[in-house]
Structure formats: C-alpha cells, structure tokens
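These notes open a run of structures that come right after.
Each of the next two complexes has chain A plus one more chain, namely chain B in the first and chain C in the second.
Take a look at the complex of A and B:
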C-alpha cells in the first residue's frame, strides 16, 4: 500500500463523509428521500422505526401497532442513540457507510491476494489490478448508496453485517464470520442464503490445513444456529414476548403489507385471489431461495463471486427490495473488475439503470399524485429495473465463467463455446 | 484453565440475568390473571326484557298498566330501550274513553304517569300476535324487521319475559281472537336454548290460572313465576273511579311494591321477592318454578333480571398507567371513599394521575429492562470473542 493510494483513500473517504454530512444538513432530505418507495420499504423505513421506538419508550408493545416491522435490536440501538443529540444518528449512518467501504477495501485486498497465484490473461499482465480504494469509492459515490444512506434506511445495517461476515470468513475467523451472517439474517431474513458461500469461504483452506471438512461444516452451522438463537433470545428479553417473530419474519415471508416498491411481489399479490395466495407466496419465496444451492455448488471455487451473485439475486427477488440492496451487490461487482472486459451488455445495463432511476419517480408521481397514470406505469419501470439487474448478473456470470475457461485453457482462447 | 473458568463465570452470570428477567415477566402475568378474574364472574353480560300485554279493549286498561309499570321498572333499573321489546295490544292512552288523555296510570292516586315522553312501544295494536311473539323470541323474523323489533340476545343474555292478559288452563289469549298454549311457549324457549339465545330467563305471567302456562317448559336455565294456580283467578287490585276501570292487577301490584324499593345497587335476591308474595294479599296462590334453574334463588340478584347492572370493582391499589408513575403507588384508601361521589375529588385525582390513558397493561417493565439488556448484550459480545479465540 503506497502513500499515494493512502492519499487516494483518504480523499475518497473524506469527500464521501463531507458530501453526506452536507446533504444531511439540507433540512428535508431524510423526509423527502425517506418517503420515496424505491429507497425505503415497510421493513426498512426510518419513520416506522421512530414510530416503533416511540411506542417502545412509552411502554406499549412496539409490534402491536402493525407499522413497525424491524428487528428489536435496532430498537435498542436507536433508543441508546436517542439519548444523544440528533447529529449522532446521522453520524451513525455516515460512519456505517464508511466502515462498510473500508471493509470493502480489505475484502478487495484479500481477494487479490487469493487470486494472485491464478494464471492471468496477457492483457491483464500489462494493467494493474483495481485499487481497493477505487472499489470503496465506487461504492461510496454510487447514487443508490448515497440515497439509501440519506434516507436513513436500515438496510445499511444488513449490508454492513454481510460485508463484515464476508470479511471475517475470508480471514478464516469462523466465529465472527458466522456471527455477522447470523446478524444479517436476523435483521432481514434473506441473507440466510449467504450462509453457504460463507461456509465455503471458511472451508477453503481446510483441505490444505488437513482439517476434517465435515466437522468444519458442522461447527460453522452450529455456530450460525447458536448466534442466531442468541440474537433471538436477546430480542425476546428486550421486548418481553415472542410476537416480534410474527411481526418481522412473518411480514417478510407472508407479505401482509403491499406497499409498492421496486420488487415483483406487491403487484402480483394485490390482484391475487385469497385461495391462491399461499401457493404463490410459497412459489415466490422458494424462487428467491432456490438459487442458493446451485450457485454455491457451481461457484464453489469462487465463493466471493457467489456472494456477489446471491446478493444480486437477493436484491431482485426479495419480498421488499430497495435500491439499498442493489447498492450492496454493486459494491461487490468492482472487486471482480477483470471480468468487465468479457461482459457484453455494459451499455445496455448502464442505460437501464439511468432510465429507471429517472422514470420511476416520474411514473410514481403520475400514478399517485397526478392521477393520470396507473400502477402499471410504475410496475413496468420496476420490471425494467429488474431486467437491468438480471442482465447485469447473468452477464457477469457469463463473463466469470468465460474468463475462467480462458485462463485455464489458453489454447481455446478465441473459440466460441457451443453446446451440442 | 483460567480461560475456561472465566467462561464458566460468565455463563452463570447470563443464567442469573435470564432468571431475573423471567421473574419480572411472570410478575406482570400475575397482575393480568387478577384482572381477568373480574370479567369472568357472574354469567350474563347483557340484559333483555320482553314485556307483552295481550289484551285489547278499554276494560283491559289494567293489563296495559301492568306492562307499562314493568317497563318503567326495568328502564329505571338500567335496561335501555334498545334491549326492551314492549308489546302493547291496545293504546288506552289515546282511547276516546280516557278521561286523562295521553296518560296511563297504575294507581288511583294518579301519582305517576306511565305513558310519559320516554316510552318506546315496539309492537303495537294488531302487531301483537302469537306469531309475532314467537318470532321475536326465536329470532326468526322477516328480513325487513327493524332492529327495535328484534330480540338480539346472545348466549350471555339474561331475559325477563313478562306476559299479562287473559288466560286459562295452559293457554293465554291474544287479542281476543287467538291463543298461545303452554306447549308453544315451551317449544319457543327450547328453540331459544338450541340457538343459544339466552343465558337465563325469568318468565313472569300475570293472568288467571297463570302457573299452568309454565308447566310445560323443558329448557334449562328458566325460572318461572305465575300469579295463580290451576283453577284460581287472578284479581285486579283496585279501580280508579275517574278512569272508570281497574288500573292494576294484584300480583303485579305486590311485585311493584317490592321492586320500587330496589335500585341498581340493591343486593335483594329473587328469594326475597318470592318470599314477599303473600297469597292472602294477592288473593291467589302465586307459584315459582325453579327446577330448571341452575343457581340457588337466594344467590340470584333481582337486578340480574330486572335491571342491567355492570360489574365494577375497585382495586385496592392505584394502577400505574404511565412511566411517570414508576415506584409511585398511592392507595385508593388515601383518597377518601366517601368524598368520591362529590364533584371535587374526581377532578383532583384526575390531575394527580397522568394524562396518558392506556387501555391495557402498561407497566414500566419495558424501559427498565434496558440496563439488563445492555449487560446481556455485552456478555454476548464477550462470548463471541471467547468462542472465536477457542475455535
């Protein structure tokens, strides 16, 4: 790490910090962004968190109101923050973003270290690999990240937990790695599908060190189960009853709240007849989780990439997605910057992201406020956004496999692979 | 070795904290069971009254007066008009022969006008028929029947059914053209029981040979009382010479004499009411049928049937209703009970308690668990660190 890269890093972080701080001081930014449905969802909204906190502090069970659907530990955290001046809440969100970016640089460094022994393409020998600070900068200055941070959406804590889990798993620290993934799946339900890549990361060195793989897997799974039940027990002691399970995971799984968001679920379930609802709920939820095993199996030698892929799948197919989820998998994407040259649809996906970012607020306004559009306008843009995400993921997967094939089979480098 | 010792100590610490928190939770549960007990006492939660006068014509003035007197009594003791079905077969107040138009009296002294501003007659004139009466009881009314003409009772309703008119051996005459038999009545009550339309019924009848009317009832939880037995007539009490006809029947008169001394707080029982019947005064033998009735009559309050008394019990302790009252328990006895009915002290006591009014168990257990939660979470963090260094 040269001094120059340190300076770059310092500049990036400083600029990100000041940008966020300045934007926070625009008086209404949290309310404005916090009311945008692409950015906050019923399970990550800061206004609902304040509602739940108010009820909690006045002795009313916070989950009775039906508005608050977030984990009880967030209640405890923000109750403590409530005793400090207002600036500390904003600082918490900004610092979470910065810590996330910092650990992202560490992850990039570790990945580059792990892959340094792999063969490389000729073109790659001339250029340097991506600077970890640039990766952090790409995350910090991603408009999705900034919007998510400024709206005080609590998805940022889930993202931080996932990044920390990845970091510690790459460092082969089982206890911490499993703890942070347990924390992530405790906060939102879907990071459960990241357990498999995490375990794969942890057992990567096991063969070389001669440990028994099966016992490693069992200890990882046991640790995960233990930390998760510890967190649930801690939440039980905080709110005094088990009804938080129904209010948090029940809402994520059973979708009682059909507020529009950038996901696929709400439109479908608004028009669903009751007798089919449970069937389609099962189908949609299984669809989200079904990618866990195949992706992990195929990418067992590249668990970080499967982490990226599954985070992307999570961002598209979870029940209440937001652009904060997209910012997470887009954070992982520059780490594998070497595959970008193989990707075919860069222009298309970039355009789709810009197009959707501009049109979806417009169509939402047309639908809700102007009354001259209807839900189909907004849902269509949501679908286009989903397609953009999927094209990005599929393209990245293709690029990854193609590059893998190319570096291990140099004689077949320019040949097109077809299936007979 | 010192490592594992630390681990053990911390494990014990966590267990102790868990026990403390669970005991706090169970203490909260205790309070709730006491409160639940208040609401599950008694057996009925609402009261209804079906008051039927079956005879028309001017000379049956006293039957209208009987029914209106019972109407006034049950209203006075708390049953609202929405829960009373009043059936009057004739309108004597506006009868051209009434020297005191728009009034009905039950006493020659004319102290009390029963037909004041506050009378709601649900079935009037020719609407009082056997069919309508049975339809009201069983609930099988036409779909366009208004709410005021329906008996909307449920399985926790105590119903008073009072009938008066001309009757005989196991029949009661309606409107001079038809009659209801005791079997019809018994079957109507059985239909009510099968549809769980009552919790308990007090059937009171003031006619000639009244006791025969309840002889065929076979449904549970029905208490019946009648004015005269088989072969006996029931007599009117006295006549008002200015009105020109008898104004009250003897059985109803002596019932009213007892009931006028009853108010909503009264603890008088039905046994007291039935003991007050004096056959030499009533000039007939009143009867009581209690074989179908579960409870002993000396435990049944008069207001269980004639009134609508809600259960209110005062707790001995002030109830914490907001966080500002943590550890600040005042006994109710400190606020003087005798002054409670005056106008000053309710306002004072309102000022001393907080403005937030919550309808459920809101004690301060939620916020006070935060320090324990913090300790538990710190210990949890230490546990994670330890496990990471061991594994």
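Take a look at the complex of A and C:
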C-alpha cells in the first residue's frame, strides 16, 4: 500500500465518520429514519430494543410480550451502553459501520490475492483491479447503509458478524470464522445459510496442505454448532428462560407480526386464506434456504461470490427484510467489479433502485397518512424493489458464469453463446 | 277395609302437616325481596331514574349448593353454582355517565358496552368455568358475551375488589378475578326482556312495570346491571346471605321535550304505576330533592329524611299508595335556565388519542383532582387490546402540564400484550396532588391485522374499552362524605338511596381506533403476483445453475441455413 492509498482511505473513512456524526446530531432525522418501515423491521427496531431493555431493567420478562424480538445478547450489550452517556450509543453504530467497511477492504485485498493466479481475460490484463478503499467507500456512502446506520437498526451487528466471518474464513482462521457466522445466525437466524460458503472458504487450501477434507468439514460444522449452542446457553443464563427462542426465531419463522417492510412476506400473509397460511409459510421459508446447497455446489470455486449471492437471497426472501440487508450484499458486489461488463441490465436495476427509494415513502404516506391510496400502492413498490434485486442478482450470476466461460474458452470469443 | 282407609287418611294428613311445616320453615327465613325507585333531578335539568331490586337468600354456606328458589332467579343461581362463582357483576351500558355535570352515579355505572367481572373459586378448571360462565350469560341475556375470550380477559391485580363482604386472605388464596368488557356491544330490548324475567313480579306489577323499552332507550344514558354477591347476615358475619341486586339507571331529559325540567312518572315512563309488587317486603319511591326550594312535589311525600351531606330525600311507600297515582314534580319557572355552577365531583378523568395516521399514536389520560387541599390515592386501570402495541418506556407522567420530581406513580403493574392471545394491562397506583391535573401518556404502534381479523365494517375502527379509576379503599378527605352515606348493613328505616354500597369507580370515555386496512378484494391477486415474482427468481436461478453455456458452432449454423435453402 502506498502513502497515497492510505490518504484515500483516511479521507473516505474520515468523511464517512463526520457525515454520520453530523447527521446523528439532528435527532429528528434519526427519529424519522428509525420509524421508517423500509429501514427498521420488528426484529431490528431500536425502539423495540429500548422497550425490551426498559422491561428487562424493571423486572418484567422482556420476551413475555409481543414487542421485543431481538437476541438477549443485544440486551446485555445495550444495558452496558446505557451506563455511558448517550453519545456512546451513536458512536457504537458509527464505529460498527466503519469497522465493517475496514474489513471489507481487507476482504477485497485477500480476494485479489486469491484470484491473482486465476486466469483472466485478455482485456483485463491492462486494467487495474478495483482499489479496496473504493469498495469501502461504496459501502460507506451507499444511501441505504447511511440510512440504516442512522436509524440505529440492529441489523448492522448481523452484517458486521457476516463480514467478520468472511474475513476470518478467508484468513483460514477456523474458530473465529465459524464463531462470527454462528453469531450472525444467532442474531438473525437466516445467516445460517452462509455456513456452507464459509466452510468452502475455510477448506479452500486444505487439499494443498494435505489435510483430510472430510475431517476439516466436520470440525468446521462442529465448531459452528459449538459456538451457536454456547451463545444460546449464554443467552439462557442471561434472561433465565428459553422464552427468547420463541420470541426471536419463532417470530422470524412464523411471522406473527405483519408490519409492512420491503419484502414479500407481509402482504402475502395478510391476504392469505387461513387454511393455506402454514403451507405457504413453509414453502416461503424453504424457498429462502433451498438455494444454499446448489449455489455452494455450482460456485464451489468462488465461495466469496456465493457469499454475495446468498446474502442477496437473504436480503430478498427473508421474512423481515430491510434496506440494511440489501446494503450488505451490495457491499460484496464491487469486490467482483470485473463482472460488471458482462451485466445486461445495469441501467434497469439502477433505475429500479432510484424509483423505489423515491416512491416507497410516498406510497406508504398515501396509504397510511393521507388515506388517498390503499395498501396495494405500497405492495406494488415492494414488488418492484424485489424484482430490482432479483434482476441484479440473476444478472450478476449470469455475468459471473459468462465471464468464466470466456476465460476457459478464449477461442470461442467470436461465436454466439447460448445456454443449453 | 275402612280401617285401612282411615289409616291411609291419617297418613296423608301426617305427611301434609310435615310438609307444611318444612316448607313454611323454608319460606320463613329464605328469600326476601325489596324494590325501590330513586329519582334525582340533575343540575343540568336532566333526570336520573334508578331502579333497584334486591333479593336475598339466607343460610348460604360458601361452596355449598342450594336448591330452593323462591325469589332468587333460578337461572342465575344455577350459573353461579355450576361455574363456582363467588361474585358476579354484569353491566350493560349505553352512553357515558357525565361526571362533570351529574356527579357520581347512585350505583356503579360502567363504560359503554358490556362489562363482566367475576370472582371465581380457585379450582383446576377455573378458566374453563370462566369461559362457560360467559357463554351461559351470553345465552341468558342475548348478548355477545361469548366473545370475551383470552384476548380480552384480564386478571386485574389492584382494581375490582369484591363488593360483597369478604375476607382479604380468604379471597387471595381461594378465589381469582376475571374481567372482560365488550365496548362495541349494543344494548337494547332483547337484553332488557330476559333481565326483567329474573324479577319476582316480572313487569306485571311494582316499579318494574314502569320499565318501558321505548322510553328507556330514548335516554341520554342507560345502564342495566346484575350484581350477585355474598353479604353478611349479622355483624360478626357468622351467617351469610347471597344477594342479587338488579339495577336499571337511565338519565332522561325532560328539558328536551318541554323546555322545563318538570316531570311526572307518566311522562318519563309513558306508563302508570299501578301497585307495589305484592311479593316485595319493601317497595319505595325516593326523590332526592334539589338544593333550590322552588319545586312542588305532588302528592306530598310520606316522609322526608335529612342526610348528613345536606341532601333531603322524599320518600313514598308504594305499599300505601293509592292506585294509579301519578307522582310529579314541578318548578315555578317558565323555562329551565342552565346552571353553570354544577355539582362537580372531586375526581374525574378524560382519555383521548394523540397523533395521526394509521401507523402509530398515543393515549393520554387527564385525571382531575378538584379537592382544594387533599391528596387522593387512586388506582388507574386500563386494558388496551393487543392490536395496539404499547411502549412502556414512553410512559410519561405530568402534573399540571409539568414533569415533576416526585413521581405520583406509587406502584405499577404492567402486562405487555401478546399478539392474538392477551391484551396490554396497565394498573397504576397514583397519588393525585390537591387541585391538580395528572396526565399519563404512552405511545403505541398499531398492528397490521390479517385480512380475516378485520370486522366486516373494517373502516369503522375498533373500540377500546374505558379506563377505570377506582378509589383505593382508604378513606381519605373528600371521599369521606361518599363513604358516610355508604353503610354495609342498612337498617329498615334508612332510605334505600342512602345504603347503596359500592367502591367508587370512574369510567373514562371509550375510544375508537382505526387500524390500517389491506385491500379486502385482493387475496387472489396478491397470491398470484407474489408467487410470480418468486417464480421469476427461482426459474432464472435454476436456469443459471443447471444449464451451461455453449457456443453456437458456425457449421451448425450453416447447415441450418442450407437446410432451409433446400426446402425452398
């Protein structure tokens, strides 16, 4: 790294920190963002965390009610933070975002090192790879990230855990890698599907080091199970009952709270006929998880890309998605900047994201406050947002495979390529 | 042969005598029935009419069944016994008792709708008993009481203590309280008819014959209730009686019709009082006289009692009354002028919603203490249905619009709601400073309901039952004068109006909240559209993951072309 690159990094992080600190200063901005249903969900809302904390501190069991659905460890952390001045809570969120971005640059560097022996396209030989600081900058200045951070949505801790899990897995640190993925699963359940790509990353060079792959996989899985049960036990001792399982994972899986969000679940299950509710619930949840196996198999040589793909699937098909989830997979995206030239719908997806960001608050206002629109307005926007994300993911996957095809078949460059 | 016949006759006579004695004994100290009608001109020209019917059955051992019914309604007796209830209070109300204009009601009123609370003896099927009790009462009174399910039922911890005689330790170890209210329930003649059928004289004679549905339901406020409770027979409470009190209160407005507050029984009920119920031990009509002296009561009262609080009560014994007498009261004035210095109660409250939009809001309660120099302890009780998600950390208390150091909340019991299974309950013990307005406020999120959970008239909104403010039982300052007239065991001579015992409860307004609604005509569209989007992703991903890329070879291309050319 040169001095110039350090300066770039310093500037980006400094600007991101200052911008967040200044915006945090305006309490009406943070309050507005903290109550937007696109940004916070029942399982990540800071208001609900405050309520849980208040009940916990006043001796009312926090999970014996319908308001609080977050992990007990968050309660403990924020109880400790409560003893410090208010500014520390804000700093926690800002620093979490910055640490996340910092590890993102490290992940980018490691990915570039891993791929430097990988064959490349002829046109790419002359161009430089993306600067890791730019990846961090794209994450830090993504409006979705900023909004999510300012809203004090606790999804940021899940995102940090996933990033740290990826980082340590790429570093081949088995126990830390599995710990952070276990932590992410503990916090919001869905990152469970990231276990497969993480294991793939961890056993990446096992063969070359002459280790037995099977035993490596088993030790990773064992570590994951161990960490996860450790976290659950710790939570049990913290709140003194297993009620939290139902109040956190039960709520994520069974969807009793139908507050709107940017996902597909809420309106579908508001409108669902009672006798089919459980059937579709099972179908939807299985649909979210089912991709973890084929994606990991097909992309076994690119586990970081399957990490991107699976976090994208998570952000679209989880039961309580928010734009904070999208900011995570969009953070992984620039690491694979070389595939962008193969993508066919960049203009369309960009437009869809802009369109949704502008229209979703308007349509929600028309439905809930003005009364001049109905639920279908907002539902339509969530559909468009989902389609935008789907197109982006499918297009990126297509580009990844297409580029690989060209790398392995440079002689077929002038032929028409079709899928068969 | 004739000897056998004589023996048989003798035997018959013997049986007859034995039977007569036992039955007579049973009748002798079993039931007694009293009826009374109280009329009170209110300070804003309206007229409160309050019917009360008491039946007492003596020789009751708690937990033991009884089978002899004389005046005590069998339907209620059987319900009480089969569901193991110790005390039962059921009130049907329409309209709001206007505390600021009317003072406190003579008998406990309730918030609009139906309110049911009961102390049930603890046993393994207590919750089943409560469920059955609501269902049985629903059938008996043609009301939707069966809708009081788990999402509505509450166990108040501080409010709604038993109203009959009770032993605190016995109650806390052997009985449990259940409370449920349906603020949306309409009250009408189909509820009144079964209620009247429980009376010993039905509506054929006595003051119950004045209960005319047309007039009763044409009033500003009406409340109909049944209270079943054990009372002590003697001062040491060795023997207990079971008492059923049936009341109907209605506030009618004579000023609306004539511009004057003059009234007569015929005019307000549209019926004549023919005679007292012959089964009643006492049958009285009382008029609580206003403080001004310009009125004329005709015919003259049998007796006028002076009460401690300065009120006079005119008493008519209906047993001695001439048939078809019309009692009336007239003032010497051409037109009624509204009194602006009306009788204000010491404690009253208003509750309202704050905020706008269908996403979130707040509840605010102003509790007024008008006593000039006495702090009053009260219990605030509020049940908020689960579809409003309360945030306890937003609970704020202000006194006269300012935050205070000395928190007036002395004790707080809070039960957070669970979606689709139980409501939020707030019970707070407050000490209201003298001459103050205490404001409680709390914020909530509105829950998005499934489309099947909305009622057919979804955009009308959901009713939220009244909050209840009750006295704590400690007799403090200004509540004193109310307690003075309240005595548990009334002697025969005291007017009935003076010995109604109840702990004071102030009910706030019921509220109407509108929740965000989905589009009810959309289920199929939503299912198809959402599934299409999911299929779009699944299909494309499946395609990418299972199919590889191949180059379209030029020779194949040419062959195809050649083939086509040949065909031409």
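Here is the rule we go by: the second predicted complex is superposed on the first by the 417 of 420 C-alpha atoms of A that agree within 3 Å, B and C clash if a C-alpha of one lies under 4 Å from a C-alpha of the other, contacts with A are read in each partner's own complex, and residues count from 1 in each chain.
Throughout what follows, a residue touches a chain if its C-beta (ideal position, glycine included) is under 8 Å from a C-beta of that chain, and two chains touch if they have at least 3 such contacts.
In this text, all values refer to a predicted model and were calculated from it rather than measured experimentally.
Student: Record, for the superposition on chain A, whether partners chain B and chain C clash or fit.
Tutor: Once both complexes are aligned on chain A, chain B and chain C clash.
Student: Using the touch criterion from the header, give the chain among chain B and chain C with more contacted residues in chain A.
Tutor: C
Student: For A:264, using the defined touch cut-off, is the partner it touches chain B, chain C, both, or neither? Pick first, second, both or neither.
Tutor: Touch partner of A:264: chain C, not chain B.
Student: Mind working out whether A:176 is in touch with chain B, chain C, both or neither, as first, second, both or neither?
Tutor: The first partner, chain B, only.
Student: Given the touch rule stated above, what does A:115 touch, chain B (first), chain C (second), both, or neither?
Tutor: In the superposed model, A:115 contacts neither chain B nor chain C.
Student: Mind working out whether A:342 is in touch with chain B, chain C, both or neither, as first, second, both or neither?
Tutor: Neither partner.
Student: Once the shared chain is lined up, is A:289 touching chain B (first), chain C (second), both, or neither of them?
Tutor: Neither partner.
Student: For A:60 in the superposed arrangement: first (chain B), second (chain C), both or neither?
Tutor: Both partners, chain B and chain C.
Student: Contact-wise, after the overlay, does A:102 reach chain B, chain C, both or neither (first, second, both, neither)?
Tutor: A:102: touches no partner chain.
Student: Mind checking 256-264, 274-282 or 436-444? I need the stretch of chain C that runs into chain B in the superposition.
Tutor: The listed stretch with clashing C-alpha atoms is 274-282.
Student: Quick check on the output: what are the common chain A residues between the chain B footprint and the chain C footprint?
Tutor: Chain A residues touching both partners: 58, 60.
Student: Help me check something: in the complex, which residues belonging to chain C touch chain A?
Tutor: Where chain C meets chain A, its residues are 356-360, 386, 389-393, 414-420, 445, 447-452, 516-519, 522-523, 526-527, 529-530, 533-534, 536-538, 540-541, 543-545, 547-554.
Student: Which positions of chain A touch chain C when the two form their complex?
Tutor: 35, 37, 47, 50-51, 53-55, 58, 60, 64-67, 256-260, 264, 266-274, 284, 287, 291, 294-295, 298, 316-317, 367-369, 371, 374-376, 379, 383, 386-387, 390, 393-394, 397-398, 401-402, 405, 409, 412, 415-420
Student: What does chain B use to touch chain A in their complex?
Tutor: 18, 21, 25, 28, 322-323, 356, 358, 362-367, 369-370, 372-374, 376-377, 380, 383-384, 387-388, 391
Student: Could you please specify the touching residues of chain A with respect to chain B in the complex?
Tutor: Going through chain A, the ones touching chain B are 56-61, 76, 79, 173-176, 179, 219, 223, 227, 230, 234, 237-240.
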